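Heads up, the next two complexes both have chain A, just with different partners, chain B and then chain C.
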Partner chain A sequence: MLRLENLSASYRGLKALQGVSLDVAKGEIVAVVGANGAGKSTLLKSIAGHVAIEGDITFDGTSLRRMPAHLITRLGVGLVPEGRRLFPRLSVEDNLRLGAYAKRGTADRFRPLDLVFSLFPRLQERLPQRAETLSGGEQQMLAIGRALMTQPRLLMLDEPSQGIMPRLVDDILAAVQKIRDLGVTVLLVEQRLAEALEIADRAYVLQTGRVVMSGPANVIAADASVRRAYLGI
Partner chain B sequence: MTLETILQVAAGGLLMGLIYALVAAGLSLIFGLMDVVNFAHGELMMLAMYAVFVIWDASGLDPMLQLPLVAALLFGTGMVIYRGMIARALSVQFNRGMVQIFVTFGLAIFIRGAAQFVWGGEFRAVNNTLLSGRSWNLGGVYLPLPQLAASVVCLAAFAGLLLISRTEFGKALEATREDRDAVALIGIDRDRIFAMGWGLGAGAVGIAGVMLAGFYYVGPNVGASFALIAYVTVALGGFGSMLGALVAGLLIGEVEAFTAVILEPSLKQIGVFAVYLAVLMFRPRGLFGKL
Partner chain C sequence: MDNFITRRRRHELLVAAGLLVFAIVAPMFIKDVTTLNVIILSLLFAGLAQAWNILGGYCGQISLGHALYFGMGSYVSTLLYVHAAVPPSLGMFAAAAVGGLAALLVGWPCFRLSGHYYAIATVVVGEIGYLLFLNWDYVGGATGVYIPIARPSLLNLQFGKDKLPYLHLVLAFCAATWLAAWVIEGSRWFYAWRAVKDDVVAARSLGVNIFSSKMAAAAISGAFTGLGGAIYGLYVGYIDPDSVMAGHFSILIALPAVLGGVGTLWGPILGAALLIPMKELSSSYLGGSGRGVDLMLYGAMIVIVALAQPQGVVSLFRRRAHGPA
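Here is the complex of A and B:
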């Protein structure tokens, strides 16, 4: 479904990715793990079209290389970014509904709302509130919900556990699994190694912009050298 | 001053204030959306006034009837300015703030020079309109119909802007204003939203220009004085706030009208700029500013 070939990218003048190749098949949860600064966020930003790249990215056979970011979203690649990037002064409802903005003119474009509310019932209680008044966990739920409203075929999540109470981390990762079970492919970037590998099918370990290891998630989880790579030793 | 004089002056200030408010709203909309101060805002109004004059001169079509046409023309002009100049100015990597100031300032000088070149420096006037010379006597307060029509149209345009802000497009505009880099995540092309914002901003000042042409002289420099007042209005109301533009426009209209009577007409702007200085000193973010 998604294929990165020899991808390199710079972020703020630094080479953040060097020759990364990666595949995601339909229906998988693929985790990308690594220490801070390993290039995980840049990887997702490159796919979403927010960073200039070398190499190639194809999504269902279409090259994303020169495609503007908003068209990549419309093609079916959703990103829940680092820092969530909600519209803070808009209501929860507006944040969600705007997710379907690009689908104006199509029937049932608000249908994913049902899915969002079944995954995150709290959001339904908070509809008229401004997004900025939500707790960190709720904001993360809203960011995922907003991305789901774009009806992605591939959902990319950038550290969904960041800044969230531990109890909610499990809820969110459980929701990610449900989203995959509904047919959405998932590319998950996480710093929390154990949790990410628990729900992932396969994983890539990133270290200073390069893939140093990849394989089935349980194999990666069992490999002691991963922890070393992860800690950057 | 008799009560009648006070009411008369207040009415005059109100009518002019609504025009100031709409001019300021266009400026504030663009600034609020993308942090660009359009120094050519007054020149866009001047272009609308010349468009009215040229069409009237050639066909005799009344300014009121030209309103939809010229407003649409200005809307298109705004979009073209964004696509052709502003988008490029924003894409520079270095000193972006300065670049956008100089781009719009240069555009202002260019439009003014071009108007001078095409139509000459003399003042023109649109005469014998449906409303010219007529007025309405409201309990002793004398309301000239061209001014009254202008203020009613400006108020309606304001209501229009408010309605647009309630639509889904309005929410997309608000989202873009809050986080221009995040809207791509929901498939929104921010360049399209910015271009629409410029269209709306230019359209708003265009509507003000059309109505103003019904009773005000047209000349290459006519926009400059209105733009200056618009900057004061936006600063007083708060950058980016529509409600602020409306309230501040009315305030400025009144301050100007009463200064003209209390001091003398040629000094009417003293009051306006005194207000400006007071705003800068005591409340730099303006009445309703979000900054």
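Here is the complex of A and C:
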């Protein structure tokens, strides 16, 4: 579904990615893990069209290389950006409506609302509230919900566990699994290795802009060197 | 929730219609020319501020170069009349088209910049336009252009000494800008622009085309500003770069919206209703020696509003729109 070939990207003059190749098949959850500054976020931004790249990215056979970001979204690549990037002074409802902007003009643009509410019932309770009044976990739910409103075929999540109570991290990741079960392919970037590998099918380990290891999630999780480097065990 | 919004919007429309009827009828009983003049200018600047608000408020692109579109609008309709005998009633639509086009041309390079850098770029572009017109003989240069006095007629939009028709003309202009803003608030543009204003990264990942959103807002804003410029030229009967294109016009256009409430439906009107009478009164009371005092009063007022009511005067009149905050 998604294929990255020899992808390089520079960010403020620094090479953030150097020759990354990566595949995501339809229906998978693929995790990209690595330490701070390994290039995980840049990877997602490259796919979403937010940074200039070298190499090639194809999505369902279409090259995203020269495609502007808003068209990539409309093609079916959803991004839950790092730090959530909600519209803090807009209501929960308006944030979700904005998500449907990509599908504007189509009759079923609000169709994913039911799905969003079934995943995160709390959002429905908080519809008229300003986004900034939500707790960290609820904000993350809203960010995911908003991305789902774009009706993505591939959903990319950038550190969904960031700034969230540990108990809620499991809820969020369980929701990610449900999203996959509903037919949306998931590319997940996480610093919390153990949790990410638990729900992922396959994983890539990124280190200073290069893929240093890849394979089935359980193999990566069991690998001694990864455990030493990232789990501190 | 949807019902609430539709009800609120219908309510706004009703209030506007009521105000419009009042504004059509009430001035018929005013005979004092100075008062009528103040009302005309207030309505004009309410409309201009609303036009500015479409780009600066709803889309968040702070332009300090709107004098350019304003001036070009008044030049286009005036010169079409003087050189090509096109009646201003048609010429003002050409002025609107040129205003919108000019805003697109300015936006094309300037929207590559964001925030303060965009604002500064618009100041510079406005100054360039001013200097260009000042030294361009075909458009009258520094001497300016007189609008030849014709027999009062609707076609020429000249009404002799009678102020009331002018008042109704600027009222129509003000109402049109308000209606445009109202329509925008109900459209998907409202959301896209809001996203562009609040967070470009988020907007992009929701499929909003940042550049074309800004361009659309600029075109609408510039077109209405050009239209307002044409009407202003007709009203004062004489234009030169200093009276329609000088940099302080850009401030004057933006100020009522900022004071009244940026990105709101009523803010620009409220701001103009406060600012323009004050400006006119202070400059007529203080006369020539008071030049600048009106601007000092402005400054003082803006400081007060910024300290006491940072969301603009309009926020005094409404409760928070969205839940507990």
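Quick note on the criterion: the second predicted complex is superposed on the first by the 227 of 233 C-alpha atoms of A that agree within 3 Å, B and C clash if a C-alpha of one lies under 4 Å from a C-alpha of the other, contacts with A are read in each partner's own complex, and residues count from 1 in each chain.
Methods note: a residue touches a chain if its C-beta (ideal position, glycine included) is under 8 Å from a C-beta of that chain, and two chains touch if they have at least 3 such contacts.
None of the values given here were measured: they were computed from a predicted structure.
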item: Partners on chain A (chain B, chain C) - clash or fit; value: clash
item: Contacts of A:203 with chain B and chain C, given as first, second, both or neither; value: neither
item: Partner chain(s) touched by A:187 [first = chain B, second = chain C, both, neither]; value: neither
item: Which of chain B and chain C A:22 touches, first, second, both or neither; value: neither
item: Touching partner for A:85 - first (chain B), second (chain C), both, neither; value: both
item: Which superposed partner A:127 touches (first chain B, second chain C, both, neither); value: second
item: On chain A, positions contacted by chain B and by chain C; value: 48-50, 68-71, 73-74, 78-79, 81, 85-90, 94, 97-99, 101-104, 146-147, 150
item: Residue ranges of chain A touching chain C (in the complex, touch as defined); value: 48-50, 68-71, 73-74, 78-79, 81, 85-91, 93-94, 97-99, 101-104, 127-130, 132-133, 146-147, 150
item: Residues of chain A defined as touching chain B within the complex; value: 48-50, 68-74, 78-79, 81, 85-90, 94, 97-99, 101-104, 146-147, 149-150
item: Residues of chain C that touch chain A when the two form their complex; value: 1, 188, 191-192, 194-195, 198-199, 201-202, 204-210, 322-325
item: Partner chain A, residues of chain B touching it in the complex; value: 168, 171-172, 174-175, 178-179, 181-190
